[in-house]
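Here chain A shows up in two complexes: once beside chain B, once beside chain C.
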Partner chain A sequence: MKRNTVYLPVLGVFLIAAPFIFQTRYSQHVLILVLLYVALGSAWNILGGFAGQLSVGHAAFFGIGAYTAAVLASKTSLSPWWAIIAGPLFVLPIALAVGWICFRLRGPYFTLSTIAIGEMVRLVALNWSELTGGAVGVVIRPSVFSGTSKIPYYYIVLVIAVLTVALCQRISRRKLGYYLMAIREDQETAESIGIDTTKYKLVALAISASLTAIGGAFYANYFLFVDPTIVLPLALSVEIVLMSIIGGLGTVAGPVLGAVLLKLSSEVFRNEFAQANLLIYGALLVVVILFMPGGLMGGFRRLFKFGSRKAQRVSA
Partner chain B sequence: MFAIALSTLVGGCSPERPRTSEDSIQVGVITSLTGPEARFGQAQKYGYEMAIDEINAKRVLGKKIELVYQDDTSKPEVASLTVEKLADRPDIVALMGAYSSSATFPATAVANRYQIPMLCPSAITDEITRQDYEWIFRVCAAASDYGRMLIEFLSQVANARKLAVVYENTQFGSSVARAAMEQGPSAGIEIVAYEAYDQGGTDFTPLLTRVKSSEPDAVLFVSYLADATLLMRQSKEIDLNPKVFTAGGAGFSLPDFLKGAGETAEYTISVTQWTPDAKWTGSREWADKFRSRFSYEPSYHSVQAYMSLMILADAIERAGSTERTAVRDAIKTSKLDSIFGPIHFNEVGQNEHQVAITQVLNGKFVTIWPTTAAIRTPALPTPPWRARGAGVESGSGATPEAHVAASVSATEKLLQTTASGLLTGGIYALIGIGLTIVFGVMRVVNFAHGALVMVGMYATYFLFTYLRIDPFLSLAVVMPGMFIAGVILQKTLIAPVLRAPELNQILLTEGVSIVLINTALLLFTSNYLTMTTSYAGATFHLGGVSLSKPQIAAFAIAVVITGAVYLFLVRTSTGRQIRAAAQDAEAAHLLGINIKRVQALTFGLGVAAAGAAGSLLMPIYYRVEPTAGSPFTLKAFVVVVLGGMGSVTGALVGGVVLGIAESLGAVYVATGYKDVIGFVIFLLVLTLKPSGLLGKSKV
Partner chain C sequence: MFLLEVKDLTKRFGGLVAVDSLSFNVSEGETVSIIGPNGAGKTTVFNLITGFYQPTRGEINFNGLNLVGSKPHKIALAGVGRTFQIVKPLRGLSVFENILVGAFARTGDRREARRIALDVIDFTDLAPLGDSIADGLPIGMRKRLELARSLATGPKLILLDEVMSGLNPTESTEAVELIRRLRDERGISAVAGVEHVMHVVMSISDRVLVLNHGRKIAEGTPAEISSDPGVIEAYLGK
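Let's look at the complex of A and B:
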């Protein structure tokens, strides 16, 4: 408690002042990416961490958000920024359909089905050229912020990230959060005490997918170019999962930590050994599962407690 | 960890002070030094180096030019990022790059927004010059020029009336394909097939079958290197015989294509931006200089890079300044006579460059069209595959009678499709077996299975390339080796998580997969490594159906291995122990069975099966790169789900069903959605009949 009251305001000041401390466009870009991934990781965590449904297809929702912006830009006269609202609206029925199919499955089967869905969305985007431009992609003309400053984008993504994390925090403290965690721990028992598991899993999916779509819509408006290899690859889904696992599945700070770590190190490594970065993450994943299933957050917590239990679950 | 974070950003704290611009002019270069396009990036680099030497010998405005290279890792978002990084530096005068259309197209948007002149050496997508950019100049000819030249050639010289277009689903592929499609009809050419494929595909047989059944006079392939080789080899395998094979440059114009495709490259016709025997000023001397300097055959990719830098140097000299606007205006008014022909940019920033058509004759690229540039006449029509033999001197073309009119009956098409699917299914089955026995015994879902197949592929490649061991024979080495690796893997990493929640198992095996793939990337880079056996492309013809002999052999061996595993499980005592453990681990343990040993053995067996599949894949698909195994993870699961988790016979059935379904879907429905078929089947089975087509979990 005491830690939080000092730590958070300092962090807040730092975040607000950041674009003026780091003035090169490149470092501002890195900050924007980190914040975007904080939002994506936290959004995923609602479904994957709280509810325990390991989706490796979240890029589909990100991509749909991004393509909503692209379609608005290329086919209508509306500003692509409307995709921040329209994206989640499109994603919702799709997410619910996905949930209806996939939630009948458990564990690895569920995960596999999400991979299949993610790939299917990518292939549709790649082949349906009339709508999405196919492999050629869509160039988006900047509509609100012309000019090359990244500062407005930084603040927009900061707001998105803060709201997403705050939402996670609220969920974790309220009924919804507890229901989800109950489902994660033991779905049968949760059913037997009267929790409508299907309904709550769908709620978690809906929230998670919508937030991810908002991230996608933002990214389209920021990067100003959308194509299937950028917004829909399987690698993106895997990255999103990695962040939460390494940071600490099911915690609020976990995805934040994971996002910061992952994105910063990938920028550091990209110039020398891009593969070394992912290799380390893969190795870290293995190490975390074997020795520190609670992720880094779990590790921190154990430092402040006595008696760590060996067969610890991958949950905080 | 915040320390690491901060130190990274501190590096970019305040705007960079410009480097000493007193004695050098800084120019940014974006190219693909790593990634799938690294070969082309390297070719470009050679070109830039040739230019730098020439330029710095004479100097520009009394100064040397210094190139600042940025690697876009063959990715569009990285290319855009590097443009920003470079444009942000006030000392950088102009940019050149990137290599591919996919990377260049978004990068030009950024360069234009940052108002820095950018010369595109090699991106041909028409989109670049359709955006009203003020700052972007394209040195090479565009996709629409490719289309126009190809269509002209096809209608006037090759006398082709029916064209099948096969293109990779990328910016580059779609641009050229679209150009052909738009210009064909007005020249009297009907487009009888228009097939997109996902880049880096492993099996083009269904697609080529589809093309063959459309009975084209001519085929147009638009691909990069790895696919180019495979397309030609598999065209031979299924006996696709149009009057002429044409291509849209890129993969088909690299010297590596001649090496990789071997004799199947002969007679292929391609659009090119330049050849060493071009008649432009100084072209041949330049080619000789290049060869002696780099011991590498020059291709147009190098020339385009060279020209871009030469144009820039000339513009800076004429502008008399390094100020970006002045340089841009000077580029606009460029007028040069060069090894790449006359240089002149039109109002949309396009250099009006003539493309030419080459044909591979006697293992060399020879310019054959237009007549002003031609070295000799084209050799047409292309002799059918079976009429080509060793010792036949290429250059005269086939006699008209020798060209068998390739008409395919509906039955033949169905047989071909089913047969190809069946053969592929055998390999799928083998991959599935490894997965299913591991699940049956340990209830572990191994997400690293595809990566293990990839390991088997690399092992086979190295055994073949360095020890000359035939891939089929290398099974004797690969299988035991992978078995041991599997046992070690199980004991160290898998065993600890057997009691843990499923989530942990999924994540652990996924982590292993990531480690394997990225280790391969680090060690071998993402370049394709190709391997050609002496019997590659050997085909067996029966009726109208052509089947690749290596594929038949692979299928046979896969079935044999499946049978062997089945017999092992049913007839031997160890096998029975495994099955007992699969049925009920507790009870088996009580009966005195060493469960830990059984689990290790089973996992080892599963990994050995994956490795064997990798070995069998190599002679069929000729190539490997680190992500080659990844599609197989998901396919393996589809197979296992279809056949029922834990059932060996089920995996065989599942594999065959998947193979045939994919093949039928690709040929009769749509090639682009081929992989979707697998996913749809997967989801259907999982939701409707989760225990699989064959029912329960049993051997």
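Let's look at the complex of A and C:
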């Protein structure tokens, strides 16, 4: 806790000052992407990391959030920014229905079913042209920030990311977090000590999916264009999972580190190596999985005895 | 009024009758042993009482509640704790966290849950291992952790599946002592499943049930059971 009281204010000042330190539009764009993925990775981690339910369908929730903004912009006179509230409200019943079906399955079967859900949502978006514009997509007219400055977007996504990570931190220290970890470790044991595993998995999915939809709603308002290949691809679901695995599953800091490393390196590699960037991305993943079981967080802990389990508990 | 009443409990798996018309009662603060050779149906009885299996026929009443048809977590919250024969620790969590998760069954408050967990970790003498990850513990400690995690939920009755299997003589003595203290200091009833006629376990039991092929073949005090010809036959053959 003492260490946090030193580092957190420094990090806070840096995050608030960042758009003035990095003044080019491109570097600000990269910062916005990094923070968006910090939020997405952390949101996924509640279900995938804490509760151990490896969803590879989170693009569905992201896409529904993004399409909420697109539909608000194209079919109503409301600002697409309302999607940050409306997106999670649309996603919630869908997520609960998905959970009701998919949580009957365990392990790899659950994961496969989430991939199917992701593809179903993508195909619906592709074919329901009256609502979604089909493969052509939807162009969103900017509503609030009509200028070209990226700074307002930076601060909005900063708030989303900080609130998401703070929520993860809070959950990890409370009954909900411990119950989700118990479910991850052994569902029968969890039942035997009074944990309603179905209910708590649904709670984890509801929180995770809603936060992911907020990310999607922001994305649509930032890019001002939505189509199925951008906001609903399987690759997006996979990328969210990879960030958490590389950073460290089930830890609060893991998805944050993973998002920073993967997003920064993929931008650098894209510039330096063009199409070879995916190759390097893959190599990075293999290196982390081989040499750092437990992800970067696990690796750091062993290297520096940094935030060891013992220290964590004393401060809890 | 019994704490646990089991009447005519029967479980069929296809053609196999794993538990056959079993009836028994457990009073408040009583320790009962169920002994029987491997395959006698002890684990099935525990899985039926805790809702992991549904009975083919029969009644299970606990503290005035009908447990048949209830889900395992509801039965746990009603006050029936259990341990697993093949221990199932929450592997990635520490010993203290394992117990803490159990304590959250009684309260949503973090401080209160920690207080309960600290009490249980002291009672079970696991405090020196509090920060160890459950996965690396030796079997004796894992068995004790099973009991501690269940105890933290605040049960009135604990079902201990094969408490003695895999333990060396020192660990067995410690385990028996812990079960005795469960009754004497906490007033918690226990049903202990034991494979062999072990005098150490029988010595602390108020009553002993003997199962063979899913049927109750004898019931009585430890002294009566050790001299019962039917029991001797079940273990040693005719």
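The rule is short, and it goes like this: the second predicted complex is superposed on the first by the 284 of 316 C-alpha atoms of A that agree within 3 Å, B and C clash if a C-alpha of one lies under 4 Å from a C-alpha of the other, contacts with A are read in each partner's own complex, and residues count from 1 in each chain.
Quick note on the criterion: contacts are C-beta pairs under 8 Å (C-beta built on N, C-alpha and C of every residue); 3 or more make two chains touch, one makes a residue touch a chain.
If you're wondering where the values come from, they're calculated on a predicted model, not measured in any experiment.
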Report for A:Arg170: first if it touches chain B alone, second if chain C alone, otherwise both or neither. neither
Touching A:Lys75 in the superposition: chain B (first), chain C (second), both, neither? neither
Quick check on the superposed pair: does A:Ser27 touch chain B, chain C, both, or neither? Answer first, second, both or neither. first
Partner chain in contact with A:Ile195 - chain B first, chain C second, else both or neither: second
Dominant toucher of chain A (residue count), chain B or chain C: B
So in the superposed three-chain picture, is A:Leu112 touching just chain B, just chain C, both, or none of them (first/second/both/neither)? first
Shared chain A footprint, chain B vs chain C, residue numbers 313
Using the touch definition up top, name the residues of chain A that touch chain B in the complex. 21-27, 29-31, 52, 54, 56, 101, 104-105, 107-109, 111-113, 115-117, 119-120, 123, 126-127, 129, 134-137, 139, 142, 148, 223-225, 227, 229-230, 234, 238, 241, 245, 260-261, 264-265, 267-268, 270-271, 273-276, 278-279, 281-286, 289-290, 293, 311, 313-314
Chain C residues within the chain A interface of the complex: 50, 52, 71-74, 76-77, 81-82, 84, 88-94, 96-97, 100-102, 104-105, 108, 110, 113, 131, 133, 149-150, 152-153
For the chain A and chain C complex, residues of the former touching the latter: 173-175, 178-179, 181-182, 184-186, 188-197, 250, 309-310, 313
Report the residues of chain B in contact with chain A in the complex, numbered from low to high. 1, 4-5, 8-9, 11-16, 34, 71, 73, 75-78, 80-81, 84-85, 88, 102, 105-106, 109-110, 113-114, 125, 127, 131, 169-171, 173-175, 196, 198, 445, 493, 496-497, 499-508, 510-515, 517-519, 521-522, 630, 634, 637, 641, 670, 672-673, 675-676, 679-680, 682-683, 686-687, 690
